[in-house]
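Would you mind keeping the following structure in view while I ask a few things?
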Amino acid sequence: MSTNVLRVEDVTMQFGGVVAVDNLSLEVNEGEIVALIGPNGAGKTTAFNCITGVYEPTNGRVSFYGKELVESYPHGRMKKTYIGENGGRYTKRVVPTPDKITKAGIARTFQNIRLFSSMTVFENVLIAKHMRAKQNLLTATFRLNHAEEKRMREETLELLKMQHLDHLKDEIAGSLPYGIQRRLEIARALATEPKLLLLDEPAAGMNPQETQELADFIRQIRDEYKLTIFIIEHHMDLVMQISDRLYVLDFGKLLAQGTPEEIQNDQRVIDAYLGVSEDA
Amino acid sequence: MGKKRNMILGALLLLAAILAIVILEKQLPPTHIALMVLKKGCIYSLVAVSMNLLNGFTGLFSLGQAGFMLVGAYAYAVLTIPVEARGSVYMYFDGGIINFSVPMLVGLLASGLAALLFAWLIGLPVLRLKSDYLAIATLGFAEIIRAFFQWDKLGVITNGSNMLRKYPTFNSTLFPFIASAICIGIIVLMIHSSYGRAFRAIRDDEVAAEAMGINLAKHKRMSFCVSSFFAGIGGGLLAMYQGSIQAAAFKSAMTYEILLIVVIGGLGSVTGSCIASFLFIASSEWWLRFLDSEMTIGSFKVPFLRAGFRKVVFSVIIMLIVLFARKGIMGDHEFSIDGICRFFRNLGKKKEVKS
Amino acid sequence: MDFINKNLPYLLAGISVGGQYALIAIGYTMVYGILRLINFAHGDIFMVAALVTVYATTTMPLYVSIPLTLIVTVVLGLAVERVAYKPLRNAPRMSVMISAIGVSYLLQNLALYVTGGLAQTYPAIPFISDTIQIGSATTKMVTVVTPILTIILVFALMQLINHTKIGMGMRAAANDFETSRLMGIKVDNVISMTFLIGSLLAAIGSVLYFTNYASVVPTSGAMPGLKAFVAAVFGGIGSIPGAVIGAFIIGICENIIKGLGWTTFSDAFTFALLIVILIVKPTGLFGEGATDKV
């Protein structure tokens, strides 16, 4: 049994009266590629946002390598309007900002690419090195940390070379083709030296060949960087091909979980995706 | 290699500027308008660059600049007025309660630190606000600071709403030039450091910056404090330039002027801010001055020309720039010898294509 | 009772000033609601309205000059929108705000040029300048007229917004600018209408406001403008009833503070209130929140 990396327990996210993620529990173990799938609007990205600190979950807990990362319970106005489950189970509020979570070792990409569009490819990746650098405003301004800055630049270049992006390093990120922007976003996430990588629809807008390349690429970075990968994806070929296990989300609720074969044969999943006809 | 060459070129340019100032000071009478423009231009360059750091590089739309300049100006004046002059300055407050004075440079440093302290306190609550709410809250704080400094109860320190004067000032244009150059140099170094990159990342995309491990609150506050520190020093220099200061002068109109300078120069361009500062000061105080006096050419009396027309023409020009040259003089590029060479080369190329 | 008697003049002045702020604040809040723009020039349009009255009354009888003021102000408001804001419709919000600051700068300098830098004496307008006695306080008729007129105008405006076609267009544009454009609403007309209403109310506000003051200078509009904006934020920007209530609260508080002898801080107080509300409830009293989608 390998080590548990990410554990999500009873996470519920309620916006006003709408429950976007409903009592979601899941686990991701070391070295696995786990996928989170579900129809549009099922709450997949919201779940990611709860894990990465963009949203504070209304209720529930997220732990990382056995240590508690995020925890919350319905408070304030939500106390009365909460309609999810396990209302009384959690009593602490631990709500780190997204940067703390990145620092703890969880990196992510975004569904709609979010690069620093006016900066160069090199700078985009170099930014990720900022948080772990030993420096402060004074040493950085007056170049007293020359060695540190040099190290950051070398590491960045190294990473770009490995991702075959080094020939583009002086291009402005916003002007790159879509596919390369996606790769750059993943490279940038890798530069934060994560243990767990969350990919939000990395194959969106890609053709079958590009999707196949992406599948190889994801496996390759998992092995090279000893990563655990948690991925949201719509391309079923990709998901079935690379993931060790899957979780299926529908209307915010966990519908099914299991290996690709199990999920492919699960009647509920097929219904959720294809719909159930009235007279069936 | 290119970097080294640029540094040498920059140093040469700086030396040339210093030399030019020395020669101008020798040639022109000390009250000549050109020297006034140079002095004020230097000070405004610093203030505009510090505002650009916040608005152009970090993407925080703050309108508190005049408030921090006021803090800086007062800190400088209050601390440096010679002990023997305090009796006459603070005539309504029995000479005030401060009975020491510090040397000029210490006072200037203190002006920056005082502004930084205010910025740190204000930044705690205000920086959580987004775009226009941040703008209006900082504008509000600047107004509060202005009222605060005019308060009678603080008169023993700030001299209430009366003027502060008789503090040490500068005569040579070199002083504000070198002081501003050092400060702007530090800002440029910071913009090109790891922190400057983090600021620009925040400007481009806050959510992504946070996902890259950049602590938003901490970095926004840093940028805000550094910007205010240099605005404070700019305020101190302005106090020296004017010879006397009064809180009532640091209105929001002053912030607007500086903001317009930043926009004309180009948001995100340090050299743009500097160029725009000198152009702004020179046109508003010197080159357009002829518009203010009545003029007759032969028997023809030129219409409209009378006191105040200069400012109308000036603001029309500004509006034209804001509307039709939205990126300002420099866009987000920097002025450099290479840039000029490239510009002319491209110009040549275009002509070739045409012919 | 003693407290009320002592503070009655300040309370009355507060209600009156509050009504005047309310008339300006509506212009801010409506424009912000639709364009997400802090129209920094609005206070200066208010000032120009006062100057027009000053110049018009020197040559014309009141029954001509007041309507003329209203017309000129409305035309100015529409012109500013057409020239300075419309070309920037697709530009970043910061650019539009800077353009607004530029217009404000231009209007002030223009006023400086026209007046020659001299304070212009505001004419006494019969009836509303008359002195009356309320309880223990002596005040001008305008003190009573302002709140009544404000309430009537706001009521009429609410009818317009809630029960006419153009009003529906305004509500739609405020809700979602792009979609309402796709739905065939002539957004440009809606925006023009918004500026028309805002300028008209500002002009009426200027007649009431300056009756209490002796003179007009080019910077006269800046402070009332800022305060009216604060009122709009306080009430929840985009909400008309919010702006009106915010304006009355600010007008009254400000004058009570003057009554307590803290005149230096009466302006600062307004901004302190602004900052407190922004921090405690950034959407204001009646505003609606919006979240960014990640």
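In order of appearance the chains are A, B and C, and numbering begins at 1 in each one.
As a convention for this text, contacts are C-beta pairs under 8 Å (C-beta built on N, C-alpha and C of every residue); 3 or more make two chains touch, one makes a residue touch a chain.
Since this is a predicted model, take the numbers as computed values, not measurements.
Relative to the whole-protein C-alpha centroid, the nearest chain centroid is that of B.
Chain centre most remote from that of subunit B: A (centre = mean of CA atoms). With centres defined as mean CA coordinates, subunit C is found 31 Å away from subunit B.
Rounded to whole angstrom units, the spacing between the C-alpha centres of subunit A and subunit C is 48.
Our note on geometry: subunit A versus subunit B, Cα centroid distance of 43 Å, whole angstroms.
Listed for subunit A are residues 54, 110, each touching two or more other chains.
Annotation for subunit B: residues touching 2 or more other chains are 207.
For subunit C, the set of residues that touch two or more other chains comprises 294.
In the complex of the two chains, the subunit B residues touching subunit A come out as 186, 189-190, 193-195, 197-198, 200-201, 203-205, 207-217, 222, 226, 332. Residue ranges on subunit B touching subunit C, taken from their complex, read 55, 61, 125-126, 128-129, 131-133, 135-137, 139-141, 143-144, 146-148, 150-152, 161, 207, 251-253, 256-257, 259-260, 263, 267, 306-309, 311-312, 314-316, 318-319, 322-323, 326.
Partner subunit B is touched in their complex by these residues of subunit A: 52, 54, 97-100, 102-103, 107-108, 110, 114-119, 123, 126-133, 135, 137, 140-143, 149, 152, 188-189, 192. Of all residues in subunit C, only 36, 38, 83-84, 87-88, 91, 93-95, 97-99, 101-106, 108-110, 112-114, 116-117, 219, 222, 226, 229-230, 233, 264-265, 267-268, 270-272, 274-275, 278-279, 282, 292, 294 touch subunit B in the complex they form.
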